[in-house]
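Note that the chains take the letters A, B, C, D, E and F in the order they are written out, and that residue 1 is the start of every chain.
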Amino acid sequence: MDSQRFTTGLEKLHEIDGEAGKMVIESLQSIAPDLAKYTIEFPFGDIYQRPGLDLQKRELITVAALAALGHCQPQLAVHTHGALNVGCKPEEIVETVIQMAVYAGFPAALNAMFTVKAVFSERGLIEAE
Amino acid sequence: MDSQRFTTGLEKLHEIDGEAGKMVIESLQSIAPDLAKYTIEFPFGDIYQRPGLDLQKRELITVAALAALGHCQPQLAVHTHGALNVGCKPEEIVETVIQMAVYAGFPAALNAMFTVKAVFSERGLIEAE
Amino acid sequence: MDSQRFTTGLEKLHEIDGEAGKMVIESLQSIAPDLAKYTIEFPFGDIYQRPGLDLQKRELITVAALAALGHCQPQLAVHTHGALNVGCKPEEIVETVIQMAVYAGFPAALNAMFTVKAVFSERGLIEAE
Amino acid sequence: MDSQRFTTGLEKLHEIDGEAGKMVIESLQSIAPDLAKYTIEFPFGDIYQRPGLDLQKRELITVAALAALGHCQPQLAVHTHGALNVGCKPEEIVETVIQMAVYAGFPAALNAMFTVKAVFSERGLIEAE
Amino acid sequence: MDSQRFTTGLEKLHEIDGEAGKMVIESLQSIAPDLAKYTIEFPFGDIYQRPGLDLQKRELITVAALAALGHCQPQLAVHTHGALNVGCKPEEIVETVIQMAVYAGFPAALNAMFTVKAVFSERGLIEAE
Amino acid sequence: MDSQRFTTGLEKLHEIDGEAGKMVIESLQSIAPDLAKYTIEFPFGDIYQRPGLDLQKRELITVAALAALGHCQPQLAVHTHGALNVGCKPEEIVETVIQMAVYAGFPAALNAMFTVKAVFSERGLIEAE
């Protein structure tokens, strides 16, 4: 039985992503509930449970990877919330995205920054335009 | 004049990447010395100089991005050295790469881990096979 | 003369993608009619005509590749229709996308699943939300 | 001081991208003004200033790279304007994107072509649909 | 406890990849044994166990995805063996890779084909050169 | 019959890539001769035959795309030869690759430059190290 991984994964998902994570899971129910289950079990039940790297660093490396890959803007929005939820400073997220200009190019960094900007604006961290 | 960016960039490159960074720069001299100059000035003279994110976190997000992108193994080797040089624990680098299985898939994580393994082995952190 | 490749390609495109493929071709007429011509001739006039792999398998590997690449959501929608049109079971398409979490990461699989979900919903295979 | 790079970069940005480039820079002010600064300094203050490749060729290779990468449609729109602004013929831009079908696949070429089409339509080069 | 997933995963890994899979797992022991554990549990203990898509189709979509991604040649070699081990015809693997020229471009298809060729040659399916 | 596309494609391949292109085609004969046929027909029989963009520009945009994609070093070597064969100046190739640092990141540009360097060295354009 995987119920332990699912239960602790769901708690971790809630701790990190709050409502945003929950909405992703719910929106999978009509098409692929097992993909929702795996998304809870493996990333949140296995990986984010691990010692050796604190949650803030885990969120920053996730932001970095999602910004660099370029085709993951919905997940980048979720994990920008996640990074803030676990205590990363807004400045650290911005710095992480700026640094991606070096490794993935300016378009990837710019597109990621606009996603981060929308989340910051939604949370009142910067003024909405 | 950009001499200030170049000079402080070269110092930062040496602090982070030691000889590995220097070799990359030297190997560009016969073909594109200006690309070497930009590589020192922008990443190391501009970005890695910035406050807001400490060097250890900067190296971990770089390891994450290079592992996720998948086609950057030489740079991943250089920055595995870099992460260790600025004080990241070997365990943190390993955790960063494992987490990339979630975001970029198992092949990207596995190929990156073998690059990290070669660097760890070279530095005597694990036994050579 | 390429008329044979174009004619058989157009028939194959119609067999696989129905109206969706036709709309892509039409929308290219004002800007690059030759790209429309090549899109009919090479993929549908050459490749999808070949023996050695049946059309259902051809559509499933296309769904896999488009999901893994991540930046091809419009084409993934067209080929989700295509896979269903040539007789793939909805479950097979869902399984193909779930499996991409292993090889291209969870964000690629999740984004692809939401594209598949929109097509399934449009065709009444799942309840619209 | 980098003021020289910034000033000449801003002029070059204006020459190439006109208002489109300026809007990107402005939209970064509330979140990451330094990323705007780097975007002016490095690409436009350093790279596009260089001899050895004329501006028309620089814009065509940028269009090619952005089309091939696939996740850079906003930048592709900006540089489609840029290519036209520096004197590239519409036909050259279309040919560049068609050729990307060979190197990055048909989906990347098709998605890029629809971005180019929107810019051409906006500028009255083709009839709006 | 995940022992069930690990045990059935290890059996599936052996069924599909034979010695090639085992060597990857062993080569992780000195650096990241938990990544080996996850590689067995999630792909082979969860995904490849699922009904809804037979093993031959699962291997063909994996070959497609790895060929399209481009930076996964070691995994493509392992799964070319895997596809043959579960009964895919050599012709089906070749067709899958050819089709990737359409979706990921000719370079991705060509590089993948040379990896497949090396495996076929190793297994005596084609004459070694 | 496609013999016209094949024949003119083969001539164009020879004009651009010389022996390098021929070797790629020959190495496909034992595994997938039809992929060789398509590689001659579509890129060289269709695309490189087109008016609207001269061969030098076609080669530079190919170099740009291959450098940006990152996983196409063998093709980048072939087209570095190709660019020189059709009259591009070495400096133009170097500039094209430097510019990719902006759009695809420094690792992609650096890896591409080392591939270009190997070709330049092979042709005696720079001193071998």
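One rule holds for everything that comes next: a contact is a pair of C-beta atoms (placed from the backbone, for glycine too) under 8 Å apart; a residue touches a chain by one contact, two chains touch by 3 or more.
For clarity, every value in this text was computed on a predicted model and none was experimentally measured.
Common neighbours of chain B and chain E (chains touching each): A, C, D, F.
Note on interfaces D-F and A-F: more C-beta pairs are in contact across D-F.
In this assembly, the C-alpha centroid of chain B lies 29 Å from the C-alpha centroid of chain F. Looking at chain F, one finds that residues 34, 38, 42-43, 50, 66, 68-72, 75, 94, 98, 100-108 touch two or more other chains. Taken chain by chain, the contacts link every pair, so each chain touches all the others.
Put simply, chain E touches chain A in their complex at residues 2, 5, 34, 38, 42, 46, 50. Residues of chain B that touch chain F in their complex: 24, 27-28, 30-32, 34-35, 38-39, 42-43, 66, 69-72, 74-75.
Chain F contributes residues 68, 100-108 to its touches with chain A in the complex. Those residues of chain A that touch chain D in the complex are listed here as 69-71, 94, 97-98, 101, 105-111, 113-114, 116-117, 120, 126-127, 129. If you check the complex, the residues on chain D that touch chain F are 42-43, 47, 50, 52-53, 57-58, 60-69, 72, 75, 89, 91-92, 94-96, 98-104.
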